[in-house]
Structure formats: structure tokens, C-alpha cells
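A quick write-up on the structure given underneath.
Going in written order, the chains are labelled A, B, C, D, E and F, and every chain counts its residues from 1.
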Amino acid sequence: MLLQLSTWPEVESYLQHSPGIIFPIGSTEQHGPNGLIGTDAICAEAIAKGVGESTQTLVGPTLNVGMALHHTAFPGSISLRPSTLIAVIQDYLKPLVRYGFTRFFFINGHGGNVATLKAAFAEAYAYLAEANLPRADQVRCRVANWYLCREVYQLAKDLYGDQEGSHATPSEVALTQYVYPDHIKQAQLDPAVAPSGHPIYGATDFRQHYPDGRMGSNPGLATPEHGRQFYETAVKSLSRSYLEFLAES
Amino acid sequence: MLLQLSTWPEVESYLQHSPGIIFPIGSTEQHGPNGLIGTDAICAEAIAKGVGESTQTLVGPTLNVGMALHHTAFPGSISLRPSTLIAVIQDYLKPLVRYGFTRFFFINGHGGNVATLKAAFAEAYAYLAEANLPRADQVRCRVANWYLCREVYQLAKDLYGDQEGSHATPSEVALTQYVYPDHIKQAQLDPAVAPSGHPIYGATDFRQHYPDGRMGSNPGLATPEHGRQFYETAVKSLSRSYLEFLAES
Amino acid sequence: MLLQLSTWPEVESYLQHSPGIIFPIGSTEQHGPNGLIGTDAICAEAIAKGVGESTQTLVGPTLNVGMALHHTAFPGSISLRPSTLIAVIQDYLKPLVRYGFTRFFFINGHGGNVATLKAAFAEAYAYLAEANLPRADQVRCRVANWYLCREVYQLAKDLYGDQEGSHATPSEVALTQYVYPDHIKQAQLDPAVAPSGHPIYGATDFRQHYPDGRMGSNPGLATPEHGRQFYETAVKSLSRSYLEFLAES
Amino acid sequence: MLLQLSTWPEVESYLQHSPGIIFPIGSTEQHGPNGLIGTDAICAEAIAKGVGESTQTLVGPTLNVGMALHHTAFPGSISLRPSTLIAVIQDYLKPLVRYGFTRFFFINGHGGNVATLKAAFAEAYAYLAEANLPRADQVRCRVANWYLCREVYQLAKDLYGDQEGSHATPSEVALTQYVYPDHIKQAQLDPAVAPSGHPIYGATDFRQHYPDGRMGSNPGLATPEHGRQFYETAVKSLSRSYLEFLAES
Amino acid sequence: MLLQLSTWPEVESYLQHSPGIIFPIGSTEQHGPNGLIGTDAICAEAIAKGVGESTQTLVGPTLNVGMALHHTAFPGSISLRPSTLIAVIQDYLKPLVRYGFTRFFFINGHGGNVATLKAAFAEAYAYLAEANLPRADQVRCRVANWYLCREVYQLAKDLYGDQEGSHATPSEVALTQYVYPDHIKQAQLDPAVAPSGHPIYGATDFRQHYPDGRMGSNPGLATPEHGRQFYETAVKSLSRSYLEFLAES
Amino acid sequence: MLLQLSTWPEVESYLQHSPGIIFPIGSTEQHGPNGLIGTDAICAEAIAKGVGESTQTLVGPTLNVGMALHHTAFPGSISLRPSTLIAVIQDYLKPLVRYGFTRFFFINGHGGNVATLKAAFAEAYAYLAEANLPRADQVRCRVANWYLCREVYQLAKDLYGDQEGSHATPSEVALTQYVYPDHIKQAQLDPAVAPSGHPIYGATDFRQHYPDGRMGSNPGLATPEHGRQFYETAVKSLSRSYLEFLAES
């Protein structure tokens, strides 16, 4: 059930039996020579829709732009500042909590979002309490990174070993190939496996150390069929996580 | 050409021949008993993709949540505060201007966004100049409301006359029916034409005066075939507008 | 009745019979070679005082500086950023709502203020509700542009036709001449009618396209006697608007 | 020379021979049973115009609303938050520094503004440097409190002794009587001299300790003739201060 | 009793008999050729601990970095912007007021903090009321500058006369020598007494006028024994001030 | 070498041979029935001083208050909002980068700081670049959590096994006992090992699930001698980390 494809009376009904909502959050950032700029949003959205279907849960619109300041030396990357994303999350939560939502499950496709999301949740809990919303004390937010699900991680290791890397990975590229089989890009990957190991600082430093945008990965290994496996594994794993989140005391 | 489905080297190439980018911006807000909550984003996104194709222009990810604070007494509506949206627009523009983009065309599906977008453009122009970006003085932003295109407006008048109204209109509902024919909602519309004429203030006041969310409209008149006409009319009209925007001295 | 010339017990008494207050809002910005930098504030203030007298309404102090970032390539122009003006409006409203004011009528002299004011009203309604002020849900703000009153617009058309233009117009210049007959400026206007038609972007772009600051206008046509007519027409028209605003259900 | 009554070419000329501008800043706040709510702005504006005339200096529009949060338990008082006023000052300075102004002299009528103004100046100096404005390092701001000029202070002591008090003082009330002789208010002052000595905290606490708004003052002693003396004394004293400020190495 | 060395149950007990807490606030800024960068924090912290002991009052952690933007042309100086410090103070107060603290006594070692602290207190009082905290109306904050205590001031005058100056003073240097006898710095002070009299503007201007960082002072006069006297005098004086603050009606 | 105990000429000299500075960051928050509220700051500060000595590195003043909003249902806890901490970090970095510092090593004692610090670093890198600071692109920040050093973690496991827990742990309590042997608190710990496993949401929820503040820990196992071991292990491990950070290409 997608919020965007629902009417407000349908949401009102939904709230009779569930206080939970899922938000996909991605990023709009370079993913190496052959990865799509929307990779993180595409993956998060596809998996969130799958989890929504399997758990009968409302799925909100995708947060397409996340915290990717370190990628902004590569054309096409866009980012919110952390303080902007904190404000955005607060704005999302305020009306939803007033309607009765208290469980927010963010299915995330981008490692760079995690820190800011956690900061945003903390700031939101405190603000909701200050604004004296009735259910403020019951609000719970969770960020669930699809690529860190144990089974997903294992699958990536089995398929790619060390060539999975940590950005523009074959696993995420595979998933976008599964979702958008007509947009599989060919690119000369030189070297086959990108450099790795340098920590993330500012945008210019990032590009100096990761000149084509990849971090230790070989996305040339990706196939749409792998993507299907990642999709199904992630949906299964995160559906279970979501239900546990909802059932938490 | 969609930014989300492009690679960064493709964006780099694109910038060799065009400084323009299109962003669809919608809203996540109630659209009456049978209108989709994502109506404004769905319409803006569909039309933006059409304009992008017809003009060979890069289309960025959809801004799904806009300024809809006045709708937040209806479950499911989400809004950014104006000051948050101003920050978001600034964040989007900063890296894009650094890459070389200077023409930003926002195809908008929600009247409530217009004021804040205009404010955001003004604040962004000033900030970009303070941050000493090379092309700051050449940056131009435009908000293009598909529903106000002369030909679209005329079509709505021809098809619905006074029953077009100003929110949850048959024209926008028709367009969503064309885009999502499997998500056409049935609802008892009582009365057939909703109340109208009360100005927009806060969320509670809005709901008191517009109890089912519609403003002077009869979305029961919408058909997917109408939606196709609106789509084609809007794409044609806004493609022309975009090219004029790009060609402006 | 001017707030600045009242005592607090007088305001307390006033609130017994009216929840309304009028705020003039102008701008401090270039108005071409012979227009006063304070034109928008002078016009708004004069008309607001007239409306206040004719409707027995409290008139607050003039907001002299508005949103005029696009004029800031001309010496003497000052502007608030939109996000600052949003904060200012929120600050004004908070105590006034606590005292019992719920109807805020902004008589505006500057087109560039409108978008930001509308954004500010939306943000204020939401914040007042979050701060749990007793009458937050009843607060209503209105921006009334004196130059767009139907009768004013018609008068300008009758007097100046196409030479009215859209900035540094003969109508507003005339009004300042009526209010400040000792400060009528002479200036060579070359050409008699300024360029027009270029949209408003950033400050540098504005000055490039409107080199002397005027937009399509010939303020050389202005006379103090015209100014008197504009004043009287606007006061009459906005007095009616204000009373309708107050009487709204 | 008033900025509001000047044209932009006149400002351009002015900058050829002076980098200085004067801003009156007041407040919109209760001034006891018979003091005008606009007292601080009225006094600051009148004196600033006088100083402007005697020193041939440009005088900007009056900042009518200052930092008066502690007065907001009395109907009619309005205040900016300190952080808003800091933003306002920064916004004022940015374009003016770009035009060539580097000496900002704020003639102030309200003690509550001083701390925030000083904080605002510090924040503005730093921001202007970060925005790389050409003359950022030469910018100097000064707050000049008319009521603290040595000669003014002496005059108040001579005329009123201990009954001058510290808010809604006979000296400031006298000055408003001189400026607005038609708006002299009569009020029963009970007791003749208000309580004094309690420090300023929040708005509710303030009203509890100063129930009619006065602080240790007897504004019943004010006369328009006193007002004239205060006006002339302050203009003379601050004109000298301004010229010294301008001449500082 | 130090907050940092207490447990939460001890704080809970403390609140049974006192609503007061002391915060030392200093600065991290240059103090001339031989003054410690932490001088203001060291002095404030030492004295606050003394006052806490003598009055049985809880002492919170030291605010080590204050508002010192004008010192930031000298290596090692750090500063918060005023608007940041305002946010910090608000954040400190919110939970403490919720626990039951209503008397906040800031023992301050840096003149540059005073304006921003006063602004911060005003903003905090207002915000606490908006957030509807139970005791918001009873909250009182006080800034107590140890160097301005009458007895301290007299002692400095007796010991140093005109060579006390106003920054990097022998009195504060002496106090740090008493607290950190192993960190007494030797430096050639040339001239013995630094320049004085230039007002404080931005950082670059400050360094131009005060090239070694001192303002009218001769810190070469300082001795640890003087420091002991300043310490004892200040503790005695501020203990009395704190108790009066607590006893205020 | 402590910044607080240095003079500005000493800092100037230091910068000739090193661009690095260490900041201890802790928190002011409940640490269970017998843990000190300042635990995280005490640990971070002690270790930072040790690392500073062993590596000849400048150590800045301790950030005593961090992001601990989830602890604010326990008396005595204080927290910055994440957005405030982001502003604080930006303020710290701006002048230091201007002086020549480019390597910032935050020795952290509180898990709740990590997300916000990472967000703050990202926002700071971007802002420094916008402010056009000379070395903006070379700035690198690192958060180093002493309790997560491999050798420290192993020691805690060896000493306490499962009773280490994740908040108010015996390891951190031991370290404070080593640093402040005179402030060892006795408290009945009931149960000996606190509950664990519940995720962290808002403050009220936290206290409901962790009624005495501990999370899965038994701080009754702590001894000052353990503390010494933790101290030495952490200093050794983080000294190595710091030097590697400095040597990074």
C-alpha cells in the first residue's frame, strides 16, 4: 500500500489497525562509471515496496536526495546538508504523529545517510515532546540498511568476495539492473577493482582518492539475476525486521 | 534523460551542450475522497519526464513532499515548512551550479509550493553569490505550474466548467488516472461539487471549511482519457516554455 | 489608531471589541532614477493609516524592509532574506495572538514581498499550533497589495496605459509625491519608458536587464494630484477588503 | 538626508564622500499607563533625523521592533527573538557593505536592544568576512543609546531625580510629547513612583513585579518642553559621537 | 558539589532542597604574549568551584568556549557565533528546567560573553514558555562577572592602577598563576603597557589595533599571590551574590 | 600540550611543525546509580591528555556536553540538540582552519555523539569550502571512541564478560575511579546486571526500559586499578591511531 496511491480516508482506515509506516530513503550521487546516480533511491524504493506488500504496510514517498556531500565533486550528485535533513525528518514526523503514526521504518540505501538519520531521530523525539503531541513519547524511528542485512551481506560475499567494495558495489548495481533492465550501462572499469581504504572526508579529497567514484568495488560483476536475488533476500529479511520492530515492547 | 538513471560521466557529457535541468515538484497531501495523496507529485513527474524526452533535457528526482501545511489536518498529508523547503532548494542548487548547471526549471503540481519556491529562488541566488560560485550570477530558476498552462486551463474549462474547482480537481485526478489506471478510486462525493471560496489559512481552519478536502471541485468527472489529453497538452506547452526559458537572453 | 501612539491599556480596551490589526509592509529598494528608495513603505504606510482611520482599526508599525534581494545591485537597497522575514513574521504574531489578536491584515506596497509573506503565514500558523497558543487555530493573515486593487489598477491604466510598467511605476511614484510633496525628484529618464519583459532572477542579472532600475515604466508621468487619487482609491478599496476579511466566517 | 526619501543615484553620490549611515532602532513595547507603545522608536527616529541633518549623514529606515520579549505580557508589545534580530542586522549589512558603507551608527532608544545588537555586530563581522566582501574588515558598527549620553543623563537627573527610573521614564515620555504633542496621554499613576529594583527575567515575571509596566519611574513629570530639551541635548551629543566614530583611526 | 562528579540520584536529592545551579563560562582566546588561552575558563571554573563549596551549590561543567569572534585573528582562539551560543544555552536549560532547576547562575570570566548571554537568557525564557514547561515562568538566569565584583575591581586598582587594562589583565593572569603555578609564562612585553582605547569591531581590526593581543594592560605585574587574593575575594563576593540571587522574591 | 595552558605565540610555533589538534568530547548524562554524570567527559579528557603528551600534540578544551537527548529523563543530564552540536563543530573549525590546523582528532567518550559528530564533520567540510578558506579541501576530522579500541574492548571482555553492557559500563566507571579516586560512589545495584537489548528512542521510552539508567551493565565490578589499565591501554592505542591519522596520505 503506497501512500502516494492512497486517499486520505484509506489512510484513516489504515491507522485503525497499524501505527507503522515505511519510508525509502536513498541518495542522488555518483555510483562510479557504470552505476546509476539514483542507485540508492532505486534500491531502497524497490525493497520498501516489496516489504510494504509482504507486511501490508503503508509505504511513503521516497526520499530521493540524502546526505552525500562527499560525492559532490562528481557531476550530478546532489545532497542535503545534515542540518537540512534533520529539519526534513522533523517536518515529516510532526503531522504523521498527530494522525496516529508512531512507528517509522526507514529503509535506507546509502551509508552516508545513517549518521544524519540517527541524529535526526534524536532531534525529532525531543521536538515532538516539546510540541506536546499526544503520542510523542511513543514515537520510534528505525533506519534499516538493506545492504547490511545479514543474508544480503552473505550473498554479496558469496558472489563477489573482496570485489564487493563499499561504494558503487556490484550488489547495488545488480539490484538496479534487476529493477531497470533497460538501463544497464557499459563502462570501461579501469582498474577492474577500484582503490579502497581511504576514509571519507570532504568532496575534493574524496575525488582525489577515488578518481572514478568507486570504492574498492568491481561493479562489472553485477547481473540482473544477481539483482533479483538481492531484492528477494532483502525483502524477506527486512520484512522480518519490520515486524519485529512493530512488535517491540 | 533521467538523472536517476544516468551515470556521472553521462552528466558530465550532458553539460557540454546544455546548462538546463528539470525538477518535478509535487506534494504529499490529501486530494479529497477519491484523489490520490501523491496526485501533485505524480502529475509533475509524468509531465516532467515527457518534457525531458521531448526537449532532450535532464530530469532530476521528484521532490515528493512540498509545502502543504494547510492540508495537515487530513491523515496522510506531509509537508515541509517553508523555511525547510528554502534550505532544500539551496542545497540542491549549490553542487549543481558548481558542476555547471545554471537553468533550473521546476515543473510544479501544487499551488501551495509556488510562494515558497519563489522565496527559495531569491534566497538561493543571494547565497550562491555569497559563496562566490563562479557562475552564481547566471543562475536562473523558474517554476512552471502545469495546471496553469493556457491550453491546460482551457481544456479543464471545456471539460468541467465550474466543476474544475481549485483543489482535488477533475483535471489532476484525471491525469493520475491516466498514469495509474489500476489505482482509480471510487468514492461517494457528497455533495457532487465541494464548497469553495474560503481562503486558505491554517490546517484546522481548512478542514472546517473543506470537510472532505476538495475545494469547489467535482473529481467524479475525471476519466483516464481526459488525463491523456491533459498530459499531452501540458507536455507540449511546457516543452515550449522550457525551450523559451533556455533561450532567454 | 496607531499602535505606536497607543498605550497598553488602550490596546487592552481595543481587544474587547476587535481582534484585528493592520500592518503596513513596504521595502527599502531602488525605484529608478527619480523614485524614492522608501516608495513601497511610504505608500503602504500612508494607505494603512487611512484604512485604520476609516475602519477604526489598530495599525502596527511599518515593516520598512522587505524581500528585495533582486534590487541589491543598486546602492541603498536593503533586503531581508526570505527565511529572515519568515522568522520576523512569526515573532510578530506570537505575542499578538497571545493577547487576543487573530486577524492580521498586511497592507503591502511591494510585489517581491508577496511570496515570502504567504510562506511566512503558513509557517506561522503551524508554529502557533505547536506552541499550543489558545487561539492558534483561529489566526488568519492576509496580504493586501494596494496596487492590485481593481479600482487602483484601473486608475493606473486610465492615467498611464502601458507606461505604468511593473516597477518604479508612475502610480507609486505619484503616491509618494502626494505624501511627500517636498521630495519630488527630477531625473532624466532615458528612455522615457524603461525596458520590460525580463523575468526576475538574481540581483546582478536584474541590473543588467534593467540598468536604471525601472521595469517598463515611465514615472515621469506621475503627479501629486494623481497620487491623491491613488491614495483615496486605495484607502476606500482596502477598507472594504479589510471589513470583509474581518467578517469572514 | 533620509534613505527612504532618496533615490539610488543620490545614494551612489553620497558614497563618494561618506561611508557612514545612521539607523534608528527602537522597540514596540508597553511604556506604562501613559507611555506610548512606540516610545523607543519615536525617540530614536526623531533624534536620528536630527543627527542626520546636523552631520549631513544618511539616515536609514527605523527598526521599529526590537528585543522586548520581557514586555510581552502587556498587550501591544511585539518583539523579535534575539536570534531573529541577529539575522536582520546581518541582512541589512550585507548589501550596504557591498555598496561601500562601512560605518554603521545605530541610535538606540531601548536598553533591551543593546545586548542583542552587540551580539549581532559580532556575528555580522564574522559572516561578512566569510562571504569575502571586499571591505569586510573595515566594517564598524556602533550602538549609541541616546538616554545614556552624559548630558542627557544629567538633564534627567536634574529634572526628575530618583523619579526618572529605568523604564517608561519621564525623559522618554517627555520626548514623545515633544514629537507628538497631540498624543499626550493622561493616566492615573498609582503609585506615583513605580516599584523598582527587580532584575529582568521572563515576561510573566516582569509583569508580576512591575504590574503597570513602569520601572521605578514617574512619567507624570514629563512635559513637552522637557522633551524639547532632551531632543536638543541628545542630537547635539550624538552628533559629536557620530563624527568621532567616523573619524576613528 | 560538582555535577560532573555526582550521580543522577544525588542530583535528584539535591533538587529537594535547592533549585539553583552554577555554570562557569569562560572563553578560549588569546590573552596576550604571556596569558593562557584558557584564562577566562580557568578563572571562571576555579571561582565557581569555590562558590559552589561555600554555598553548597551544584556546579555544572565549564563552558570552555564562549563568544570571542574578535580574537580570532590570533592563533588558538576559538569562538561560538552568538546565535550558536544562544542555541547552546537553550539546550542546557530545557532539560534542567524539566528536572526542577529554576535558578541559573553563570559565573563568567569573559566580557565578550555578556551581551550574548543576556540575549540567550531572553530567548530561552520565551522558548521555555512556548514549550509549555511547568516552571517556565519561574526560570531566572544571571550572569555574574567575577572581574566586576566591587571588591575585585578595587583590588585590581590597588595593585595595578591604570596598568590593569581591559584584556589580558594582570588580575586574570594572576589568578591563572595561582591555579596553575607550573604554567607561568615568561614573555617580553613590549611596550610594558599595551595600547588601549580602540573599540572592539571585527577580528582583523582588533589585531591591527592590539598587535600582541593585550588591551591597555601590563600582565607582567601578575603574581600567584595576587591570584590567591583575587580568588578569595571573588569567591566571597560571588557567594554572597549567589545567595541573594537565590533569595530574590 | 594543552591549548588552555598555552599562549597564542606558542600555538603559532606549534603550527610550524604540526597541523593536528585533539579535542576530547564527552557528555553530561546519567550513568546509572553509581556512575558519575561527567563520566564520558572525564574519560575522554584524561585519555586525550595522555595521547597529547605521548604524541606531543595540542589538546583543546573538553566538549563537556554532547548529544544525550535520550538520557534527559534522568535529573542532571544535559544535551545539545544535534543541530546545535553541528553548529558548534563548525564554529570550532572555522578559525582553527584559518590558523592552519587541518587535522582534527576527536577523542570521544560517548556513543551517542558519534552520529552527530559524523554529520557535523560533513557539514563543516562543505561550509569551509563555501567560505573559501585556503586549506578547506585538506581538512580532515576523525572521531576516535576510546571504548571501541580493539585492546580496550578486549580488556573489558576479559575483566567483565557479558556484564560490561553498553551504558554505565564497568570499564568507564573504572576509568573515572582511577582519575577521581576520591569520588567513588557506592550504590545498591538492583539487579546486579541491568536490563539490556531495548533500542534507544526518546528520553521517556529510555527511562521506562532502563529504570536506573544502566544498559546491561554491572558497574559494581569496576575498580580504580582496572581504570588504570583502561587508561593506559586506551592512551597507547589512540596514540597510535592519531599518528596514523596524521600520516595518512
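Here is the rule we use: a residue touches a chain if its C-beta (ideal position, glycine included) is under 8 Å from a C-beta of that chain, and two chains touch if they have at least 3 such contacts.
None of the values given here were measured: they were computed from a predicted structure.
Peer 1: In terms of touching chains, how many steps apart are chain B and chain C, taking the shortest path?
Peer 2: Shortest path length, in steps: 1.
Peer 1: Would you mind reporting the rotation angle for the C-alpha fit of chain D onto chain E, rounded to the nearest 5 degrees?
Peer 2: Value: 180 degrees, nearest 5.
Peer 1: Where centres are the averaged C-alpha coordinates, which chain has the largest centre distance to chain A?
Peer 2: Chain D.
Peer 1: Just give me the whole-number Å value for how far the CA centre of chain B lies from that of chain F.
Peer 2: 46
Peer 1: State, to the nearest whole Å, the distance from the C-alpha centre of chain E to the C-alpha centre of chain F.
Peer 2: 24
Peer 1: For chain B, what residues touch not just one other chain but two or more?
Peer 2: Expected reply: 72, 81, 83, 87, 94, 131-132.
Peer 1: In the complex formed with chain F, which residues of chain A make contact?
Peer 2: These residues of chain A touch chain F: 67, 69-70, 72, 81-83, 86-87, 112, 114-123, 125-126, 128-129, 136-142, 198-199, 201-205, 248-249.
Peer 1: Could you pull out which chain C residues touch chain E in their complex?
Peer 2: Going by the criterion above, the answer is residues 94, 131-132.
Peer 1: Can you check the complex and tell me which residues of chain B touch chain A?
Peer 2: Answer in residue numbers: 2-12, 15, 28, 30-38, 41-42, 60-65, 72, 74-81, 83-84, 87-88, 91-92, 94-96, 98-100, 180, 183, 185, 187, 213.
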